[in-house]
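Both complexes shown next keep chain A, but they swap its partner, so chain B is in the first and chain C is in the second.
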Partner chain A sequence: MTAVPVRARREHAVPGCLFVAALLIPLLTDNLFLQDATILVLLWAGLASAWNIAGGFAGQVSLGHAAFFGLGAYTSTLLKLYLGVSPWLGMLCGGGLVVIASGFIAFAATRLRGPYFTLVTLAFAAVLQIVAARWYGFTRGNEGLSIPFEPGLANFMFTGKLAWTITILCYVVGVYAIGVWVARSRFGYQLAGMREDEDASEALGIDTRRLKVVAIALSAFLTALGGTFYAQYIGFVDPGYVLSIDLSIKFALMCIIGGLATPAGPILGAVLITALEIYLRAKWGGARSGLYLIVYGCLLILVVRVMPEGVLAGVPSLFKRWRGRAA
Partner chain B sequence: MLLELEGVTKRFGGLSAVADVSFGVDQGQVIGLIGPNGAGKTTLFNVVAGALRPSAGTIRFAGQDITGEKPHRICRHGLCRTFQLVKPFGGLSVLDNVVVAAFTRVRERRSAYAQAEAIVEATGLKPWRDAVARALPIGLRKRVEVARALATQPRMILFDEVMNGLNPTELHEMMDLIRQLNAGGLTVVLIEHVMAAVMTLCERIVVIHHGVKIAEGPPADIARDPHVIDAYLGEEYLIA
Partner chain C sequence: MDVLPQLIASGIVLGGIYALVSVGLTLIFGVMRIVNFAHGEFLMLSMYLAIGLFTALGLDPYAGLLVAVPVSLAFGALVYFGVIRPVIGRPHVVQIFTTLGLSIVLQNTALLLWTGNFRQLRLPYGDDVYLVAGAAVTLPQLIAFSVAALFTATLFAWLRFTYLGKAMRATAQDRGAATLMGIDTDKVLLLAFAVGTLCVAVAGMLMAPLFSTYPTVGLQFVLIAFVVVVLGGLGSALGALVGGMIVGFLDVMGGFYVGTAWKEVLYFLVFIGVLLVRPAGLFGQRGAEHLGA
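The block that comes next holds the complex of A and B.
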């Protein structure tokens, strides 16, 4: 288990550094590109941590989390546009709606295991994407929805990047704290048992069905909150992105690269993947478009080959091996 | 009577894997369940522990009807089982394996760890406390299976072949452990093919063949029973 107290304290180092650095960047530099990149890293770190609760800790690998993200983003946006509801309230409504919607995924999780479960989650997001794209009268389909720019705390809209950094920092710190709690709690230990062997866990008195429902609902809820943060920050929602399979894969990938079922793993994964993505796109995105995707793909394959347990655990063990060889 | 089976039957399609089996286990007993391969012993355990629903019959534990309840509910009643094909939480340390099970009865992390430490010590797993369960040899993995079951604070454990595949030293340690646990008040039902162990540990033996109970009694009687010799033990055992 990862929740050994001494190691856990050291694990706070990675997220801690990120949080402090993220807060300093808007204070120290006027570079808008860097400020924007920082905010996106924070947002994806929070969302990867949310995915980690279902896909990592509970071992229920979902490739449909874009459904929860999109539902969150659309709920707050539609409520704002049609009824003038504050996005803060809309965010909670989206979270509530998603908890109900996650019941469908959780139901599938109690019947299906492994790849069959993953397929259902994939289909779930795909169906929602089609609905949002086709229901033009309500969602404006593929044209998407723009959120009017009305800065103000009540409108969940800010002019300065510092205010955005702080707002999204609150989100990611919150999700990270929940991850830390999960790793150390009875709930987390039971999830670890379920992830390792479901039948053995049942025989040892663990109600695996209930655990799955709770873990998926919690993960979905936090993902939906992230959806609203994204919608408010970008100011635009369209089904082609917020409900896409690409997004679902991104959540999973960040956790897998960073380290599954550890609180710090998804944070590290989000930093690495987002930084890499932004850097490669800026460097090679224009003239030789598509080239950055090839480099990106190759680097991912390399990381998974060399460090199958994720970078968080992989780098120290590689280092140890290297030192052992030198000595 | 702590555990009571009445006409328990499990059919898979047209096949009766367990047919109309009845017997009881008193508090503090050690009971053996023997029979040839494929006789339905493990199926019977699965039915009692809730992994399978019986087609007919009732199962009572500590006076309560537990027929068809889910495994985790049955464990919480105080009836735990181990698996013939051991199912350790492979990626976790030995201690954490036991901690997960201890959390079934306690909510506090500290008390879960305290209990798990005590059980790891009592089952002789202390030297492997921090080893990853998947890396252990089979004898130790079987012991982890037992330690984990104990951590759920059961009144009765169903052991499914915990002594198979152990070397003579490990076998004696396991037998001593079971004796010790029984002396501490644990009721035990064993499925076992290691006859020397069954004969010395058990005060009563139930024999199953083709899903049907063909004999029940003290070890000495079972060893002489012509039906049992015919179905399972063979002539050689009688001579030995």
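The block that comes next holds the complex of A and C.
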């Protein structure tokens, strides 16, 4: 047990570096593009970490988390636009609503496993997307909703990128801390047991139904908060993006690339994927659209095959194997 | 004019096409236990093949089937060896993201090669209309339904009566036991993937004159195929046929009575409902949803 602090320190290295770098960037450079990219990396890191609680730790692979994200974004935005409610309060309302909605997904999780569960989550988000797109009178359909620009702490709207960086940093650090707690708690060990062998855990007296409900609700709640952060930062919500399957895939993808069921994995994944997207788009996006996504897809196929445990654990183990062969 | 016969005829035609798209998906799932998220992209590629053959060689899609059959079998085998085989027996997440990655690659390859424009294959006889039992049906619809029915019937007979078909059903039931009985399951998996690809390729050729073709056309149909396959029972070919018909009818009836805007909600709700209440679907293997893999 004495080795724990050393391992713990190394474990926090990647997220720690990101958090410090993210805070320094708006202080050191005036480059708006870089500042904006940093904020988005932080936001994705938080959302991927939120997905990780259900998809990683609990092993309930969801491709419907955009539903929670979109519900969060829409709830705070609609409350603000129709009733003038502060988005901070709207965020909590969205989170509450999503916890109730997540009960449905949790119910599905207790009845279905593997691909069957994944398909239900996919359909759940698809239904919400269609409803948001068609219910024009309430959501303005595909035109989307714009949030008026009224800077102020009460309005959850800031003019400077530094203020945004700090706000979103709070969100990511919070979600990361919850991830670290889950990984070390009794709850986390129970989740690991369920993930590895559900029947055996049940035989040992673990209430897997309760575990699934709690893990999915927590994951959904944190995702909904991320939805409000996104809506406030971008200032615009439309069903074609915030409820899309592409977004659900993105959350899961960042987790898998970084490393499932580790607190630092999704953070690393978010940095890598966002950096890769920006790099490939800058290099090839203009020439012929689509080329960068081809490279992206190929890398995805390759990474999940070569290191299914993610880059965080996969690169060191590949390196070790390579060194072992050389020696 | 009474509208009901027309709705029924449209429902049957659409159902037949949906069934053919779904049979391939369910075959691949049933035998390999892999949900092929790139299935829609296979459909899209086949629709582009039909357009290419027609514009370059003047070959209509029905004669083009002679080209599509060997090409799709070869393509299916290529994808199987290159992408699918290495992830067989790996965790569910790895498999999902492998086929999702494949779908992203294929979709954007199409975007790169053929741009995002909508294309419509117009056959010279495409507007010939026949009256069948009081309903107007165009010639391409009629052919599409007939070929789909014939093809599905052949597939059923093949699965039922030939040695390979039996080996495939045995592998779907229990891969381990099938291996112990001396079935070369590795070959069966390859065959299942290739035949699944063939089904969707045939469907694509038949659909090219009926629907617009664009790089993301597959997504729309693959979602419907998931609904069909779940309704019929994942892994059941008969289920895909019946499910295809039901969803075809839901589509047409829902479009007429509920409005096109909401019909999609209708079949997604059916989909979720079936998965929660009876995950095995109408004809699926009971209890498979608890095994997960």
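The rule we apply is simple: the second predicted complex is superposed on the first by the 320 of 327 C-alpha atoms of A that agree within 3 Å, B and C clash if a C-alpha of one lies under 4 Å from a C-alpha of the other, contacts with A are read in each partner's own complex, and residues count from 1 in each chain.
Please note the rule applied: a residue touches a chain if its C-beta (ideal position, glycine included) is under 8 Å from a C-beta of that chain, and two chains touch if they have at least 3 such contacts.
Here the structure is a predicted model, which is why all the values come from computation and not from measurement.
Of the two partner chains, chain B is the only one that A:190 touches; chain C does not reach it. Contact with chain C, but none with chain B, is seen for A:298 once the two complexes are overlaid on the shared chain.
In the superposed model, A:290 lies in contact with chain C only, and not with chain B. Legend: residue contacts after superposition of the two complexes on their common chain; A:206 is shown touching chain B, with no touch to chain C. In the superposition on chain A, A:308 contacts chain C only, with no contact to chain B. By the touch criterion stated above, A:321 is placed in contact with neither chain B nor chain C. Look at A:10: by the touch rule set out above, it reaches neither chain B nor chain C.
Of the two partners chain B and chain C, more chain A residues are in touch with C.
Of all residues in chain A, only 55, 61, 63, 107-108, 111-120, 122-124, 126-127, 130-131, 134, 249, 252-253, 256, 260, 288-291, 293-294, 296-298, 300-301, 304-305, 308 touch chain C in the complex they form. Residues 29, 33, 35, 83, 86-87, 90-94, 96-98, 100-105, 107-109, 111-112, 116, 223, 226-227, 230, 234, 261-262, 264-265, 268-269, 271-272, 275-276, 279, 288-293 of chain C are the ones touching chain A in the complex. Those residues of chain B lying in contact with chain A across their complex are 49-51, 70-72, 75-76, 80-81, 83, 87-93, 96, 99-101, 103-105, 107, 109, 112, 148-149, 151-152.
In the complex of the two chains, the chain A residues touching chain B come out as 1, 184-186, 189-190, 192-193, 196-197, 199-208.
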